[in-house]
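Same chain, two partners: subunit A is paired with subunit B first, then with subunit C.
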Partner chain A sequence: MYGFEALTFNIHGGYLEAIVRGYRSGLLTAADYNNLCQCETLDDIKMHLSATEYGSYLQNEPSPLHTTTIVEKCTLKLVDEYKHMLAQATEPLSTFLEYITYGHMIDNVVLIVTGTLHERDVQELLEKCHPLGMFDSIATLAVAQNMRELYRLVLVDTPLAPYFSECITSEDLDDMNIEIMRNTLYKAYLEDFYRFCKTLGGATAEIMSDLLAFEADRRAVNITINSIGTELTRDDRRKLYSNFGLLYPYGHEELAVCEDIDQVRAAMEKYPPYQSIFSKLSYGESQMLDKAFYEEEVKRLCLAFEQQFHYGVFFAYMRLREQEIRNLMWISECVAQNQKSRVHDSVVFIF
Partner chain B sequence: MVTSSSSWWQALVRISPYTFSAIGIAISIGVSVLGAAWGIYITGSSLIGAAIKAPRITSKNLISVIFCEAVAIYGVIVAIILQTKLESVPSSKMYEPESLRAGYAIFASGIIVGFANLVCGLCVGIIGSSCALSDAQNSSLFVKILVIEIFGSALGLFGVIVGIIMSAQATWPSKA
Partner chain C sequence: MQSSENGVESRNEVAEGEQHILNFLDSVDSYLILMDSLSSALRQGWLELASARHSMGASRVNCALFDLKSHHASTTVQVNNDLPHFKLCKWASSDDPEKYSEEGKFEEDELFQNKSDGPRHRHQELQEKRTEEGGASPVGTDNQIQKLFLQAQKERFKTLSMFGTLVSPKLRATQLSFETALEMLVEISNTRASLLHAYDQVQKDRTNPK
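Showing the complex of A and B:
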């Protein structure tokens, strides 16, 4: 019953909610980012990070440091925190936490299949996979030739199996089909996650619906912009949009027929929450759209922490950490390539 | 004796006032302790989790647990007071209006105290959980949220006051 979660939530979820709020207090602040942006070398970055919570993860790295090492160790910290929480969780929180990682699983599957298509070594690809999305038989993905085999050999035993019913074809895998497969899987995953949150009910359903709707809408806009000028037909494009969210169904009708960015902008400006995003961009510019979307997402994720006794805080924390890792990667790359003037182009402050 | 012809009325009036008194005393202590326990576990689980990152909060936030515990103590006190109000009357006088009144007064007093303490314990427990989590993030919030908790614990006190006033009416007929 909505409004009375406070009576029974703490039985199973109280300890973990307190833990995740403790983790949240360890996110880097604007002051930390300002220090990091003024670093000259990667060793400076390592020194600044050793004063934060990442210290114990980076202190044993030998110089010279690579940006990929920094990102890898920071991701390792996120994975450790996630595994700690998953180990202590009971149903339905454990299912909820597992749902958060399916997106990474999809990315890993697509990474390996694309890499195999371009004749890369499987071991090298496995090292690039995101650790949260690993599953046991992931290495066997390299053997599959088309989607039916992909499903039959490997994916039928993973949690991704139910998402495949919409995209099994006997066509061979090539770049275009793989992208379509990724987006179809992600669409099925978002809809499944949305449905699951609705069954949880209460504050979790309300907060997660809002966050997932934003995610679905953002993906719809990205799919539209990325498929302008490609051979993706309008019907195919419409099939990749999720069936929930603020844009469903009328916004999707408009987006499906868009042929350039200004038409996308015109379609989106009818929705007040997205109008404020698009108003920050001048006409014809789409590079800053990613950053604008990230900023809006961070704002909504921080709002999820305002309420107690729901599962949205776990999802919000994982996403905020991933944003932080993206920030660190951008800062490290700018510092490593000596392009410090561009550092503020893509860093999204969390607080 | 009451002379209403409804059989329900007869059945109700024929229940011994001692039954009502005993149930009242049981509810006063039982339901109060339920409220206190519920509040303590709500606060305690959040406090333990938050104290991992911020160990400094543990000693201050035990106040929330103490406020919840106070609720159980109110229940015990009222139960002891109520049981001193029980007196034996000869069985000829057991169904007189005055005995029934005494029985009902003890019953009502027990229910008042029990349920007031139940919701008070819940209220203090939920606020205590939020207090622990906020204190872990920003220690200046602790005193402000404690004020809310103090108002919450006044609810149990209201229940105890009214319960004791009710039980003062529990005068059994004299043995003559």
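Showing the complex of A and C:
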């Protein structure tokens, strides 16, 4: 019954909730970002990060640094923290934590399949995979010629198997099929995660429903904008939208027929939470839309920590760390390219 | 009588020499403007690429996705003995062996004039000036122009599809920036050839004073 988690949550989840709240306090602050934005070189960034929790991960990296090295090492820290929490978790928290990584698993599958289609070396592709999305048989993805083989040879034994039912065909893999596969898998994953959170009930269901609904809505907008002017038909576009969220179903009907960014704006401004996002953009512009969505996401993720005794804090922490890594990537790129005037275009402050 | 004719001839020769110097200085000015524009276009392109990576994620925009299968070049450069030495043929259709003409490329550039920033605007002023001097004029009806534009868009999407078919508008903007930089490179090559030609003229006038 909702409201009585305080009686039993700490028995199995209390230790890890304390751990994740401790991790949260290590997130970079606005003062840290101000220092980083004033750096002249990547070595300066490394020096500033040495005073943070990333210090031990970057200290042994030789100069000259590269932006991808900074991102890789910061990601390693996130992976270590995640593995520590997963090792300590019991059901159903362990399943919840595994759900968080399925998105990365889908990205890795698509990366391997796309790279193989382009005749790239599998080892090179494996190095580019996200560590949170790795699984044992990932390297054997390279032998599949179509989705049916992909499923039968490799993915049937992975957590992604249930998501393939909607996209198994015998058509050979090409760029369009892979894109549709990516989005169909992600849609199935989000819906499955949503249903799982609902079964957990209580504060977890309430908070995670809001966060996942926002994710589904943002995906719908991105799919719409990215498919404008492409060969993707309106019906195919509509099929890629998730079957939940604030925009479901009427907002999706409007987004499916949008032909430019202004029509997307007109469809989204009917929903008050998204009206505030689009009010920050000028007409015809979509460049700052990503930042506007990230800012809204960060606001909702931070609010998840205001309540105790639910699993949403774990999801929120992982997403906030990923946002922090994106910030560090952007700052590093601006410093490396000597474009510091543009650094505030994409940095989203968390605190 | 003969002395006045000689005077007229020498004045003409001096004027011709001064014209050669002016041509040389104009070429140097054009060259420097184009180099500055190229630097700006490349800076913008690299930052837009970083922005696309930030938006789409590192797994979707990375060098491991480049297509190593053999395929037709979508853009080629023709080398001529006459000026201009280099002609860029953009977005040749992989389905249709007939390539774009330079006039077709010019029409497409007109359609992109709404993408304006300082260096691009200066580059277009230079290109229009060269077109006026060369006497070339836009050809084709509106339908032809639209057809060329759609063909170019189709080839652009096909090239970008190595990163996926649903890519962020930021990645498309990156593609346009580097496409602009490629045009500028060809323009710089032609301007450099003109500059060297003008320099040769000036040197000839200096060594053989008439």
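By our rule, the second predicted complex is superposed on the first by the 351 of 351 C-alpha atoms of A that agree within 3 Å, B and C clash if a C-alpha of one lies under 4 Å from a C-alpha of the other, contacts with A are read in each partner's own complex, and residues count from 1 in each chain.
As a working rule, a residue touches a chain if its C-beta (ideal position, glycine included) is under 8 Å from a C-beta of that chain, and two chains touch if they have at least 3 such contacts.
As the structure is a computational prediction, the values presented were derived from the model and not from experiment.
Trainee: Sharing subunit A, do subunit B and subunit C clash or fit in the superposition?
Mentor: Aligned on subunit A, subunit C fits beside subunit B.
Trainee: Please work out whether A:His66 is in contact with subunit B alone, subunit C alone, both, or neither, and reply first, second, both or neither.
Mentor: Touch partners of A:His66: none, neither subunit B nor subunit C.
Trainee: In the superposed model, does subunit B or subunit C contact more residues of subunit A?
Mentor: Between subunit B and subunit C, the winner on subunit A residue contacts is C.
Trainee: Who does A:His130 touch here: subunit B (first), subunit C (second), both, or neither?
Mentor: second
Trainee: Please work out whether A:Leu16 is in contact with subunit B alone, subunit C alone, both, or neither, and reply first, second, both or neither.
Mentor: The first partner, subunit B, only.
Trainee: Given the touch rule stated above, what does A:Lys83 touch, subunit B (first), subunit C (second), both, or neither?
Mentor: After superposing on A, A:Lys83 lies clear of both subunit B and subunit C.
Trainee: Let me test your reading of the model: by the given contact rule, A:Ser25 touches which partner, first (subunit B), second (subunit C), both or neither?
Mentor: The answer is first: A:Ser25 touches subunit B but not subunit C.
Trainee: On the chain A superposition, what angle, as a multiple of 10 degrees, is formed at subunit A by the C-alpha centres of subunit B and subunit C?
Mentor: 160
Trainee: Does subunit B (first) or subunit C (second) touch A:Arg195, or do both, or does neither?
Mentor: In the superposition, A:Arg195 contacts neither subunit B nor subunit C.
Trainee: Taking the superposed arrangement, what is the smallest distance in Å from a C-alpha atom of subunit B to one of subunit C?
Mentor: 30 Å.
Trainee: Which residues of subunit A are in contact with subunit B in one complex and with subunit C in the other?
Mentor: none
Trainee: In the complex, go through subunit A and note every residue touching subunit C.
Mentor: 68, 71, 107-108, 110-111, 114-115, 118-120, 124-125, 127-130, 175-176, 178-179, 182-183, 222-223, 225-227, 229-232, 286-287, 290, 326, 329-330, 333-334, 337, 339, 342, 345-346
Trainee: Spell out the part of subunit A that touches subunit B in their complex, as residue ranges.
Mentor: 6-7, 10-11, 14-19, 21-23, 25-26, 308
Trainee: Can you list the residues on subunit B that touch subunit A in the complex?
Mentor: So the residues of subunit B in touch with subunit A come to 38, 41-42, 45-50, 52-54, 122, 126, 129-130, 132-133, 136-137.
Trainee: Show which residues of subunit C lie in contact with subunit A when the two form their complex.
Mentor: Subunit C reaches subunit A through residues 43, 46-47, 50-51, 53-55, 57-60, 62, 64-69, 153, 157, 161-162, 164-170.
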